[in-house]
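Take a look at the structure below.
Labels for the chains are A, B, C, D and E, by order of writing; each one numbers its residues from 1.
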């Protein structure tokens, strides 16, 4: 796959239809992969695409599409939803991006691999239902369902939106996805149990802002938490407002716009399952206001800027879900 | 218990707030037993309010109400005069030796066809 | 030994839209309908001006309950403001509940300019509900480690 | 740092009796930035206002906090006062310590503490206030009157007289409203048509007035001074400008079985009709529900005989948009349906009628030419029973809790007219109370009793039973304490009146508020009785509550004067508390524009290349302050917080929250 | 459709005709009536007082039984219907009465008015349908002019009873029409016959009956039908002239459906 992608990129660079390529390259370690822009064919030697390439590249296209010339972007299905949502918010100039859809069958989670006692990872490849991990100690085999990241196990869609061309096979929307199971499980708890759960998670937050920086919905020119007029821009630690409310406000700000790509949880150095907050909003929106998938439809008004005359009253919260 | 206290009790038992009455007299305009009554439905409501229950309790009118609920149905203020009358009747017969009907009287009242419903009802309404 | 228990008086912030609910609150004053002094009203132009941040801020600064009052759906002075407020508050309250924070501490009530009675009743009821819940710790504790 | 002055009002004893005003002033003086604090008997009085003005000058104040009654009461007064000495009026905030403090609390300690906190919140807000200057918008010098009854007619005539253009939108084919159906008017017994018809003619002939009959308001956009109203002109299948009103078609139409709503269904009309002789505009209308041509495509009689060629079976509803500066709501009333009052046998006997039907039976233009006969057998009734308060003053489901106000007087009129025209008729009126407040009203009622020998009976009818050709009326007489049984020939029910059904959806279009009975609420029950709380929308007639003709005409005139007052202005000073976007922070994501009900937000792509981060062109929002009404919806929708609202900024509200929760 | 059926005392003795006719007709119409075992007398009058609890218990037992069966409760006698329906309404809407009764009854699961109380006539109208009955009629009662006597208990208070328009009802007239007869509307058909007072004050009862009977005769009724044993007694025994036959509505129903008394 990787070679085919590089070949296609070279073609497009050569015929002048694009002037840059958006992809991934290795960092210090093989699993430490980050999005990268390749300015010419020569730089493509660093281009990688393997089972560690989970990063969502759509956010980078905001700035890239403001530059001269057209950029080629390889988008996984989940990236393409983010991309489409950003288009809807007028953040990306569609004319400046050539999109190639690439399939994704589930990316590996390095933490899960390590948890299995596999260290010294040099590379990864896919073989049927297993990942073959190349390590300094030799090859290790691990079942995909044990090593795949959580978000991929509950993947909502293997189908792209808005691509110029496809490489590989186009997938389907997965109506069977169990992505709301964990949210439902929490909803079924008592408030005390939920509180303890979230206290256990959120108390670990170090406010590194990684979730915000990676999130393709958090693309504000200047974040409200950095806005001196918002009165909540203080960076001081401990019990200040920003500290306590950051995740609630952030989830609220992306509500209805979050495509559920799961990047927030992937990058969290404290492994806080932040995506559950977003999924709670998505689940509520689906249940209260009808099914909605951010990015799926360019013309549909998103739920927070929409209403019906007979929407439920906020009092519904007292009645539905959750034990007393 | 003085009259005003009894009046409050009557309001409690009946669940009726006689202050809601605007004295239109529709209950009395509607009552099928009106001519046989000394006190009429609207007066029940007013007397219950002003605390003059003793007058009502001594009157035969409380046994004349047919419980047909026409006054309840048609009252524009939702006052339910029939409930007041029932409450006054209960207040009376709940006292000692105040039963309006005793078993000994019954045989004389019977005829071949009378349904037992009539007996049961009469006991329920007029006897402790 | 006698322990003096100080009666818990919750701090309640009521956001009222200028056109209906603030006028409704005025009307309950004009009619001398009592409700507890712990309720403090902040006037906003429309229920849709209520940023969820204001509610969180109030909680963080020590409020025990926050209530939003606006025009009845369909009667918004700005036509549609309360419809948006309704969605926003529904989702926010649901999220607070999801985090294990007592959902009874937040409420939305539609109060028209003619409903002075309803305003007073709502406030009495809300104060009673929040008083029963006691002090509001959870939101503050959410980021603190378990003792 | 602001220099803030705090002024605490006693409001006589209204505040001072429950709030320790001295303590409030003293405590607030300790707040940062507060350099002056005082209290006074009546801050809104001239002396009180002078006190504020003097302090601003003497203390070089930059901001003012008034602790007094509701800002809805006197905020404008105080703003004007500070503006008089050169302070920006938006540097003032009012802490509501009367309606929301002293009047609702009894404990002095608690009330004082709350007053201090409310004052502190106001001080905190003033610290963040900035001078605001209101923009101006031009006024469209034309008024719209919705409803062409006597209220709408009078209001339109008065506005037109002042030289402004007025359009009347009337849903019926003719203006005139309920008054056209009334025979005589109390307490003078003038003929209703005789006093109304000239006014209808005036309306038709006035150059400044345009009548949209058989039309409805479909949409309302904009705001005071600048409304855009969508009007639907229903197809009447007759070209209005060509029809001469000769009426030939209404005589020749073969479809004769159409219930005549002008006579409340007491007789029939043709499928093409002119409601009555004096109709304005005098133009025929085809009732599409009955017209054979429109239903089956076969007939065409009216078209054949119309020499003017006015008939047009292909006519469609027409939709137009007009601009107005002010809107008058005069949608009127209707008697309630009496289905739920079958104890009076309304649905069981044609001889049980409503008062409005009785009006038609008595009227010379009615189904019997003014000869009063029973609808069932066309015999003259010899005994008539009038029942008052049918559905009025009723708290049960089917009734209305209010007094319909006009029934006592018109029943009195009916009773009197019956006795006068048919002296051998016995007339009974059952009443709960007889309410006659009005000039010459009680005298009128007494005449009915004393001179016309109408039997007024304090009591209520319990049941009406049609039996044979009689109506058996069972009723109470509370004064003689007996139950009456009257064999009547007719029973007339004074049905409660309710707001017209078109009023509720119209209120939604206008965003004007209504009470629980669907009457429009006024901006202030006593002091602004003809204005609705929505600026630029005014109220006339029964749309606001039950009232009789003199009162309606009075209100319509008052309403007109308010409209003229508005239209006389060239510009309206807008509300400066509008949204504004910080373009340095704006993402251009369109979220704000999606929720703006006024379309006040537009986007432009601006060059930001001087910034170092390399971003060049960015799409950013800008708010049109003349169109923005300041709801603030966009400020919450905006994720970056670029959008904020003058006068109610995020920081200001947060500071109030902080002050209250401290 | 299967119902829990509450006959009531009188239907077991003086009003056997009302009961038997109903059972046979139901069978013919495909309705199953299962008599509630060990039902107790409803008391004949609805206890209006807010503090009366004991007098409501027998009704609640029947209602509770129907709830357990998961069936609607079918009644026939107007008085029983009135009492059961109103007690059920109290159990649903009056928290104080509900609490007291439930504490007294100590049921496994508290009863809160879940059972639907339906009168035989309502069942005919809403479940079977009068048009179906019309189809099932074998001996149409052609040329018979029949008046409906509603009385009080089925109709009032309409807020609770929800039976028909209380001032101008039509259900029994529609029923008569379905049987092929001609319904005659007369004004006093929803007037009180004085039934409850019949032991106490014969004169009043007779006066009320005379009014009703005269009203019906004037309107041209050949006969009256009723659903109430007390009305039946009163209209027949207290009508000195004895000039107007009165039937239970189920008797006519059987006749029209071709069900004989001996069947």
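The working rule: a residue touches a chain if its C-beta (ideal position, glycine included) is under 8 Å from a C-beta of that chain, and two chains touch if they have at least 3 such contacts.
Values in this document were obtained by computation on a predicted structure and should not be read as measured data.
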* Set of chains adjacent to chain D and to chain E -> B
* To do: State which chains count as neighbours of chain B and simultaneously of chain C.
  => D
* Asked: Which chain has its C-alpha centroid at the greatest distance from the C-alpha centroid of chain C?
  -> E
* **Remotest chain, chain A as reference, centres from CA atoms** => B
* To do: Give, as an integer number of Å, the spacing between the C-alpha centres of chain E and chain A.
  => 68
* To do: Report, in whole Å, the distance between the mean C-alpha point of chain C and the mean C-alpha point of chain D.
  => 31
* State, to the nearest whole Å, the distance from the C-alpha centre of chain A to the C-alpha centre of chain C. => 35
* Could you give the separation in Å between the centres of chain C and chain E, each centre being the mean of its C-alpha atoms? => 52
* Structure fact -> chain E residues touching 2+ other chains are 166-167
* To do: Pull out every residue in chain B that's touching 2 or more other chains.
  => 70, 73
* Asked: Got the chain D residues that touch at least 2 other chains?
  -> 343, 595, 637, 650, 654
* Asked: Between which chains is there touch?
  -> A-C, A-D, B-D, B-E, C-D, D-E
* Structure fact -> Interface with chain E, chain D side, in the complex: residues 341-343, 345, 347-348, 397, 465-468, 472
* **chain B partner contacts - residues on chain E that touch it in the complex** => 8-10, 13-15, 41, 43-45, 47-52, 55, 77, 79, 152, 155-158, 166-167, 191-192, 194-201, 204, 208, 229-230, 232-233, 236-237
* chain D to chain C touching residues, read off their complex -> 70-72, 96, 98-101, 103-107, 110-111, 113-114, 117-118, 121, 507-508, 511, 513-516, 521, 533-534, 577, 595, 597, 629-633, 635-637, 645, 648, 650, 653-654, 656-658, 660-662
* Touch list for chain B against partner chain D, complex -> 20, 22-31, 34-35, 40, 42, 70, 73-78
* To do: Note which residues of chain B are touching chain E in the complex, please.
  => 12-15, 32-33, 36, 63-64, 66-70, 72-73, 82-83, 86-87, 90, 101, 109, 111, 113-122, 124-126
